[in-house]
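Next come two complexes built around subunit A: one with subunit B, the other with subunit C.
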Partner chain A sequence: MSERRAARGQAAGASEGHSAGMAIETRALSKRYRRASALTDCTISVPEGRLSALIGPNGAGKTTLLRILAGMASPTAGAAAVLGDTPRQDPSFLAEVGFLAQEIPLYRRFTPEDHIRIGAHMNARWDATLARTRLEELRIPLDQRVGTLSGGQRAQVALALTLAKRPRLLLLDEPVAALDPLARRHFLATLTTALADAEGGLTVVLSSHLVTDLERICDHVVLLSRSRVQLCGDIDSLLAEHKVLIGPQKDTLPIERTHQVVQAVRTARQSSLLVRTNGPVIDPAYQAEDVTFEELVLAYMGADEASPARHLTTVGED
Partner chain B sequence: MISFRVDGQSGVPPYLQIVRQVRQAVRMGVLDVGDQLPSVREVVGAVVINPNTVLKAYRDLEREGLVEVRAGQGTFVRSRPPGPPPSTHFRLGHSLARWVREAREAGLDDESMESLLRITLQAEAAASGSEEIA
Partner chain C sequence: MNWVVWRQYRAQGAIALALLAAFTAVALWQGLEVASQWHSLVATCAGNSGCLRQGDLIRGVANGVPYLTLAVPVALGALCGAPLVAGELESRTSDFAWSQSVTRTRWLAAKTGWLLLGAAVCGGVVAVLVTWWSGPENAQLANTFITPQYDTQGIVPIGYAVFAVALGIAAGAVARRTLPAIAVVFAGFIGLRYVIDDFVRPYFMTAVTTYFHLTGPGVSPPGAAWMLSQGMVSPTGQVVSFAVPDMYGGVLPASCQNLLPSLGPVKGGNQSMNAVYSCLQARGWRGFVTYQPASRWWAFQGIETGIYVLLAAALIAVAFVIVRRRDA
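And then the complex of A and B:
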């Protein structure tokens, strides 16, 4: 572990403008295709050793962001630093980063063992034993064609191969979307075990729509909506900063002056405001309740659309 | 060795669920001083949570003095939490079971019993508080 930490320290020192301890840092990253913006002004940071949830509606820019971070696409504007380095198609960069695309990249006619051997030719730091041990633990036959394995087993093979690279950053684009609950649980168990084995030397970004899975295993979140970052940070801190305030319908203005209203639900008698607090809530008319991760995610996903919060602001300004 | 259970829907943060389960296991004598807690790797493989969550729970328990981390070996129970021994818990558990049977015969359902216990706890706390002030 100390060796790994030393290596990380060097990498951090070698690159200018890279904060120590950050696996990913982007600044005003944008990606435009001919007609539309896939990513706009995206500024995020993910500290090393975290398991970050990448959440957002379809078309929000999750895959674009992952592809830029993996060096598979270049941004139109802005900059990205991944492990202190600029993402690019270069063996020294790619050796550190594992990327698992939505369509699992396996040869159906080849066996897992074939894949392990091919990987050894293509990767300098290949750990074939690690891949074999992992697949044997999961009782996945190494000598059976990949095409005959179940979806869950194929996903596990792909993950084991990606981990055999011994990457310091793992980017996973909806790897569990097609799996049944049990296969999903096994896949995520492999992932959390790999994180425990790495003892802080592995960072993971996992995109998924399954908020309850993400809540269970992730300690960091990046939320995209309509090509923009809506939320980025440590999940525990974000949950502590946000509150649902329940109170009378009138006089929401004092709350709005102090706190940032993310979402508001109003009935004739009651307002329920999901706010990012700015200090303690001292208004006795309001009952402050904790938010759940799901509430937080849904509020921010909807925040950029024709939002009740905007409507509320108009009411408050009257 | 004990195994943990983490309920993602309970509203109690997972790290706190682990802290409470360890405390409870030591209180009830399921874990003794010197017993080893499962490794971080074992916990995350079994209940599928973030390794940092387990580390946070174990660090909290270490700060309380309940467990100690031995370098290269793992995490071990160091002392019993303050409070009565497991035998007291068992004895009171038995008398509570008698009360539960009596309440059930009287027609109380689980929810009524839980709320009665909560109300009684609050009332007793208030009563002992006012005594202290007096």
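And then the complex of A and C:
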């Protein structure tokens, strides 16, 4: 049994709030705006110490989820436990969570040093030295207005400030979206260094569209599509659980009976089924292949789109 | 948080201080001139109040100073109040501020508290200067309840400044954008001033009405009182204003009506009017003046300031509820 499933079992056992070792647990979390639903029945858990990738198409609800977890927005239904606590406006909760919004919000006319000093006055726990050292290492001028810095430098300043809080949970909403590849690499390097320095005391949720980046650094994934959770768990276990089955075009029913077909691609000659396996695949007509992280992500992102047969995508004739 | 507020507003604070200093310099320079003119006027008139009232005071460039006072609240509300919440939301810096370990309530309390205090100080300093500077002019005036005397002196400017800033803060929190909030400050402040000036202020306290004989000398309220209305009243309570030229048409008893000189340039002048007054007097009519005594000036200032400060408190409460409850 995978680690992820074990975690779920634990979550189901604990009736209220926090199970040991979970940085984030949500139960049927929903957020409705006047017309649309931004998040529907979102139940996820992220174990402590992980770097979790939050993936999903634009408008899938990633930002909504992160803002709820950060205590910036409140859900319309369901419950969330962040480090065993309900996200709320409370100094002790806010101190534990670092949140970096998509727009890299900084005061453009203030210098990084100003921000560091502001942070010192707004946080009981504040590691100004950490922030200064990090920025000096990156050769980012502390006394220059933030508005005059490059996008990559701004993102680094914002990350350094968020880390200076010494949070136990870091929520990053597409922080690298606007960065060039080099700046992105530097940013992610800072992040992984911070994770290593924290020695398991820091959990990170990082939302991004850049699947290859995420695959390189993340060990956990939460995939949202159309406001719903499609996938949540340990990346290695998920990759082990999923297989691409290639076999004859007809008669996929026996497979569908035992395994969950996530995506099916049928051509005239053969069927290619991406399945979440339920035990070993014994049908000799099928050849089982491993899936890549990108294949897995794309399959689940598209999973909700085909209308009549919900999880099936058909390509080709007949 | 106090240091954060200082860091965020020190530039605005320096500008406000510079403007206040400049204003103080002008007010002192012109005010001393007016004061010296007044002293020579007092010496020349030697206690003759009519002479004092008609004496010329040249106020020079500072003539518009009182009106400038009324711009202070609007400027503060538009430039400091409106962006307080809305500006942070627009630039998304609210995401930075609100993800530190300080609750939004404390964040807003610190910013709002200091800004309202600053507004009260600005309004107060300007009001003190204008009040001092207007001393000689006030002494010449028959009525100091009017614009721009009443609403640029005393303590009401403090109430105005606090209200305008609170309006800017609340409007910014509701609209989430600075520009509409600035528009609300202008419209709201001017609108409320209009409503209170014209429809509420005369009724702050029950006005005093004095009756007099129509044939005798008229009564004028003592000091710089605020005359609200004057005219004649019949035994049955019908009121006729002195102010309307063709006033008496149809209202006066027919016998007195007949004595009225024909409309247009009055022939026979006071004498023919005296006949009308005697006629009315004989039928029980009386003259009256309704006014707010000069002694109520400070009470009125207190009531008006109270109204503006209470409204400001309500607006600030609205801002708190929105900032606390609404998703950031």
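Criterion: the second predicted complex is superposed on the first by the 289 of 318 C-alpha atoms of A that agree within 3 Å, B and C clash if a C-alpha of one lies under 4 Å from a C-alpha of the other, contacts with A are read in each partner's own complex, and residues count from 1 in each chain.
We adopt the following convention: a contact is a pair of C-beta atoms (placed from the backbone, for glycine too) under 8 Å apart; a residue touches a chain by one contact, two chains touch by 3 or more.
Quick caveat, the model's predicted, so the values are computed rather than measured.
Asks: Looking at A:89, would you say it contacts subunit B, subunit C, both, or neither? Reply first, second, both or neither.
Replies: second
Asks: Contact-wise, after the overlay, does A:189 reach subunit B, subunit C, both or neither (first, second, both, neither)?
Replies: The answer is first: A:189 touches subunit B but not subunit C.
Asks: Is A:237 touching anything from subunit B or subunit C once the two structures are fitted on A? First, second, both or neither.
Replies: neither
Asks: A:106 contacts which: subunit B (first), subunit C (second), both, neither?
Replies: second
Asks: If you stack the two complexes on chain A, which partner ends up touching A:292: first (subunit B), second (subunit C), both, or neither?
Replies: first
Asks: On the A-aligned overlay, A:73 touches which partner chain: subunit B = first, subunit C = second, or both, or neither?
Replies: In the superposition, A:73 touches subunit C alone.
Asks: Check whether A:98 is in contact with subunit B, with subunit C, with both or with neither, and answer first, second, both or neither.
Replies: A:98 sits against subunit C, while subunit B stays out of touch.
Asks: Quick check for you: in the superposed arrangement, does A:118 touch first (subunit B), second (subunit C), both or neither?
Replies: A:118 contacts subunit C only, not subunit B.
Asks: Of subunit B and subunit C, which one contacts the greater number of residues in subunit A?
Replies: C
Asks: So which positions on subunit A get touched by both subunit B and subunit C?
Replies: none
Asks: Which residues, counting only subunit A, touch subunit B once they are in their complex?
Replies: The contact residues of subunit A facing subunit B are 49-51, 185, 188-189, 192-193, 195-197, 212, 215-219, 236, 290, 292.
Asks: For subunit B, which residues count as touching subunit A in their complex?
Replies: Listed in rising order, the residues are 6, 8-9, 11, 13-14, 39-41, 44-46, 48-54.
Asks: Can you check the complex and tell me which residues of subunit C touch subunit A?
Replies: Counting only subunit C, the residues touching subunit A are 1-4, 7-8, 91-105, 324, 327-328.
Asks: List the residues on subunit A that touch subunit C in their complex, please.
Replies: Residues 67, 70, 72-74, 89-91, 94-95, 97-101, 103, 105-108, 110, 114-115, 117-119, 121-125, 158, 161-162, 165.
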